[in-house]
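Look for chain A in each of the two complexes below; its partner is chain B in the first and chain C in the second.
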Partner chain A sequence: MNMEISTNDYRVWVEGAKIHYEGTMRLSGTEAYAPILSLMNDVLASKPETICLDLTGLEFLNSSGINLLAKFTIEVRKQPDIGIEVLGSKTIPWQSKSLKNLQRLHPALELQIN
Partner chain B sequence: MAEHLGSAHLENSASAKNYRIVLVADKLDISWHHCGTTSDFLGEYFSRACGAGVDAVDARHSIGYLLNEILENAVKFRETGNIEVICSLENGRFEAGIANVISRETTDSFQKHLNVMLKKDPGELLLERIEANALDPESGGSGLGLLTLMNDYGAELGWQFEDEHVNGHVRLNTIAALALS
Partner chain C sequence: MTETLPASAQPEENRSDSITRFSRHSFRAKFMLVVGAAVLFDIMLAGGVAIWNVQRLSRDATETVSQGLTEATREYLNTYIDTTALRTNLLLDQTYSEVEALGSSMQALIDHPETETRVGEAIESDPDLGDRDITFDAQGGWAQNLEGPSVVSVWGYLLDDEGNMLPAAEEQVVNSSSFNLVAPALMSSGSNKLQMYYVGPKDTPIMRTTPYTTQAQTFDKLYPGHNEDNFWDFFFPGVYEGWQSWLADPSTRPVDRNIVATEPYVDAITGALIVSFFQPLWTQDRTDVAGMTAVDVTLDQFSNLVENVQIADTGFGFLTSSAGNVIAISEAGAATLGLISVDAAGQGVTGMNRFLNQSRFPAISNLLLPTDNNTVIDTISIDQGDGPEDFIVVLKRLDPANLWNGSSIVAESLTLGFLVSRQEMYQTLDEVQREITAATSNIVQWQVAALLISLVIVFIAVYAISGRITAGLSQLAGAANALQNKDYSVRVSIPSKDEVGAVGQAFNRMAEEISHYTENLENLVEERTAKLESANKEIVALNKRLQTENLRLGAELDVAKRIQEMVLPKSTELENIPQIEIAAYMEPADEVGGDYYDVLQNDGRVKIGIGDVTGHGLESGVLMLMVQSIARALQEKGDYDPANFLSVVNRTMYKNIARTDSDKHLTLAFVDYADDKITISGQHEEVLVIRANGDIERIDTLDLGFPVGLELDISPFVASLDIPFDPSDVLVLHTDGITEADNAAGEQFGFDRMAACAQSNRGKNAKEIAEAIIQEVKDHIGSHKMYDDITLVVLKHR
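Showing the complex of A and B:
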């Protein structure tokens, strides 16, 4: 299982059921984000009790990346026995603006922006 | 024939702080990374110009996100030629006009898309679009850029289409405005 994707701009890596994101992700569309989605789906397939997306190091995400998070949230929503927690930071403006959409998609999603 | 869709208009005066950048197609071989580097630069530039009373971190990010999304569309859908970016800032109002040339075919499908989009609530449409994207693994673009700008950033958006008679192409000018706080 590929546990880490790293470029000059961003890094995504997995620790148990926690997926960390760091840097700036402005990939060109659904296809470009596919390897990251596949890494996330691998974590989901391991059926943990709760999946945590730690976005506290993700400075910038374009709308295709927001689509990636939304798509994954819908995948998790299909499995009511798996919880999802999303960690954000108040110092990164896009997170307070856009992450609430994930909660609208899946009200059981726990969103913490600290 | 010129056609205008959406509500945004450029209102800042001639004495507003402004900046103009042309991404020159021939010289630059315009590609994806130019969206990010250009929007980062302009976000930084205008956040330093917005003065007291405006959250500079939020301004830098919001301007950067707005310009990046519109530039990504310009790079993705442009037919030929340069991409011109004109920005201005006055009394906490940031405005951008991004102009590029698209094909007649792209114009027709984009206008159809906008006419549907502008009739609905952007928040509802955003969720609808996300659900539709999740069901369609083949969809290449997310279509969320403009919707997140309207719903999450409160941006005003407008589009001017002008026929270029020489070659049958259309010049698209995307207008965007943000109230910085």
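Showing the complex of A and C:
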């Protein structure tokens, strides 16, 4: 299982059930995000108690990326025994306006914006 | 095609620059050089070691022989000189014994005076043994007997005026007549003696000598004046006194024997060179000297002994006094030693001097005589005029004796010497050395000859073998050369089974192929050209198809773009809206964008929509068209409740997106204007309001809706917000392509920059405000890539 995806612009890696995002993600379309979704689905498939998405290092995410997070949240929502926690930062503009929607999609999602 | 090419059949024109089989660059030459050098080294090493060993053996043998011979020679010389010394000593001893025997017999009579007188008278009365007629010689002034066993001379000072013997003299003559009995007997036996004689004590020094000679007459001739002086004082001054001093003090006797010798001198009677040995006689009470017995021996006896010494060819012996006076030597020996004879005339007897230290040769004149009884062997160099020659000199001191030196008695040791040419002595050694050297050089010569012959044989063998080994290579080289000259028919024939043979076979195969290719090259080229042409045709055809396809795709995209542009509100449409000015700008990042905006009017209501489909391109553009159609339909149906309006759009889009298997969604917000009031619904970017006085209001739409197409029912999240919109107020709607536009430094344009621009341009009309903002965004992006679609809608209250 590939536990890390890294380019010049961004890096995504997994530590246990915690997925870290870092840098600037501006991939064009769903297909470009597929490897990252695969990584996230692998974590989901391992059925952890709680999945944590740490976005505090992710400076920018385009709309396709936000769509990815939304779709993943919906997937998690289908498995009520798996919790999800999203860590964000107030200083990053896109997070304050987009992350709340994830909680709306899945009210059990624990959102921490610091 | 199977003809073979001999090595010598090279083309004539290539011979000059090709490698011939004998050039120094040829493989054969190198092979011979390497093998030759290896063999040469081997042979030279073995030969060198052998020669070295032979020479070492020769050296060792020479050394051993030389050492042995030198030792043997030394031993021989030692033994020889010891023997000769012993013989000389024996000869002396014999002479000593004879004079001692004579002395002893006379001494016995002196010690018994009465018997002496009776014996004397008895002898004198014997007609044969007695002295006959001692008569006065008026001319000589002395008296002497007629011929008999001995001659008795009575000197003038022992006679009276008439020439008759004084009584003491007469008594002496009678008492000493026992001499006639003993001396002739001793003379006839033992060593060769010249004469034996008796001399009386100093007050009656008559002289009795055997055999009979005309003794006094000879003395008169040779020693004039002797008849006037005392015999002892005239002939042997100091001897008599010396003996007297021995009596007084025995320690003054130099050598522990009574015999006293003279130095060699010319005998007055016989004229021969002689030596005398004196044996003193003592008075009965041993308080004084009572005369002497003596013997004269010629030096010939010693000379014979010494001269008989024969060492090698010319080696000789010599006898010398401690003063260096050579008393016995052959003439040749004297010449070799460079001795010069000098007659020594002195009082009394006449001597003879041949001193070593007066030799012509420095080596002899500087010769040191031994000071003890050890034998000295030394080597000296003498130059007799024909270059220096080495001589071995051997010296040994004889037993010491008392010597009368003409004035007193001293100790004297004669020294026996040998001198032999070193060359003669070591002739054997030299011969052995010569023979060894000759044998050595003989061996070395044979060795060298053997080396040379081996070398020749090896080189012939190497040459022959190299020919066999390199023949194949030579043939290959020649064939390759021929091939280079385009003779493709060349083949080699190498029968050997080794690597060269394998190369030869490979060469033949390659030559075959080259020949084949060369001859079929044109056919091959034609074949290839034909293939290339057909491939080219295929490519051209494919290219045409691609172009057609591209054109078709481009046309399709063009159509989509045109449709998207066509459904956007026309500028005339916007200008005709009363109360508010509306200006809009849209630029897709690709040919077809995913942004949406629309302005709908009916019944005096104005509804402005703005949205952003995730991603861009054709699929996003189609979703955007769907939204436009649905919103238009709903608006025409007259559904004015903003929340309901949005929920229906969402549900419709959700189902359409599900049907098209799309995984996209979109943000969507609507702004309704009526009666100086604006109602905002739907979740999208922040809405910017610039009031107429310049105040900036930011309206967050996060809680006014939800992304469209994600969930079937979003009505719980949808809300609406009313705000006043008074004359000269400006409202700006945008998509994130504006605020998130990056410059080259990765810096986003941002909401604040857009707000500031709108604020500073709020006095202008909507179109100018929009143009100002777009211009600033474009300036910000500069030459950097435009990532996302850009959409801007500006409303201004008239």
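Keep this in mind: the second predicted complex is superposed on the first by the 114 of 114 C-alpha atoms of A that agree within 3 Å, B and C clash if a C-alpha of one lies under 4 Å from a C-alpha of the other, contacts with A are read in each partner's own complex, and residues count from 1 in each chain.
Throughout what follows, contacts are C-beta pairs under 8 Å (C-beta built on N, C-alpha and C of every residue); 3 or more make two chains touch, one makes a residue touch a chain.
Owing to the predicted nature of the structure, the values given are computational and were not obtained by experimental measurement.
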item	value
First (chain B), second (chain C), both or neither touched by A:Leu105	both
Partner chain in contact with A:Ile66 - chain B first, chain C second, else both or neither	both
Chain B versus chain C as contact partner of A:Met3, first or second or both or neither	neither
Contacts of A:Thr24 with chain B and chain C, given as first, second, both or neither	both
Residues of chain A that lie at the interface with chain B and also at the interface with chain C	24, 26, 28-30, 60, 62-64, 66-67, 70-71, 74, 93-94, 97, 101, 104-105
Parts of chain A lying in touch with chain C, wherever the complex brings them together	24, 26, 28-30, 60, 62-64, 66-67, 70-71, 74, 93-94, 97, 100-101, 104-105
Complex interface listing, chain B residues touching chain A	32, 35-36, 57-58, 61-62, 64-65, 68-69, 72, 76, 126-127, 130-131, 133-134, 139-142, 144-145, 148, 151-153
Chain C - residues contacting chain A, complex	612-615, 617, 663-665, 667, 683, 685-686, 700, 702, 706-707, 710-711, 717, 736, 739-740, 746, 748, 751, 787-788
Residue ranges of chain A touching chain B (in the complex, touch as defined)	24, 26, 28-31, 60, 62-64, 66-67, 70-71, 74-75, 91-94, 97-98, 101, 104-105
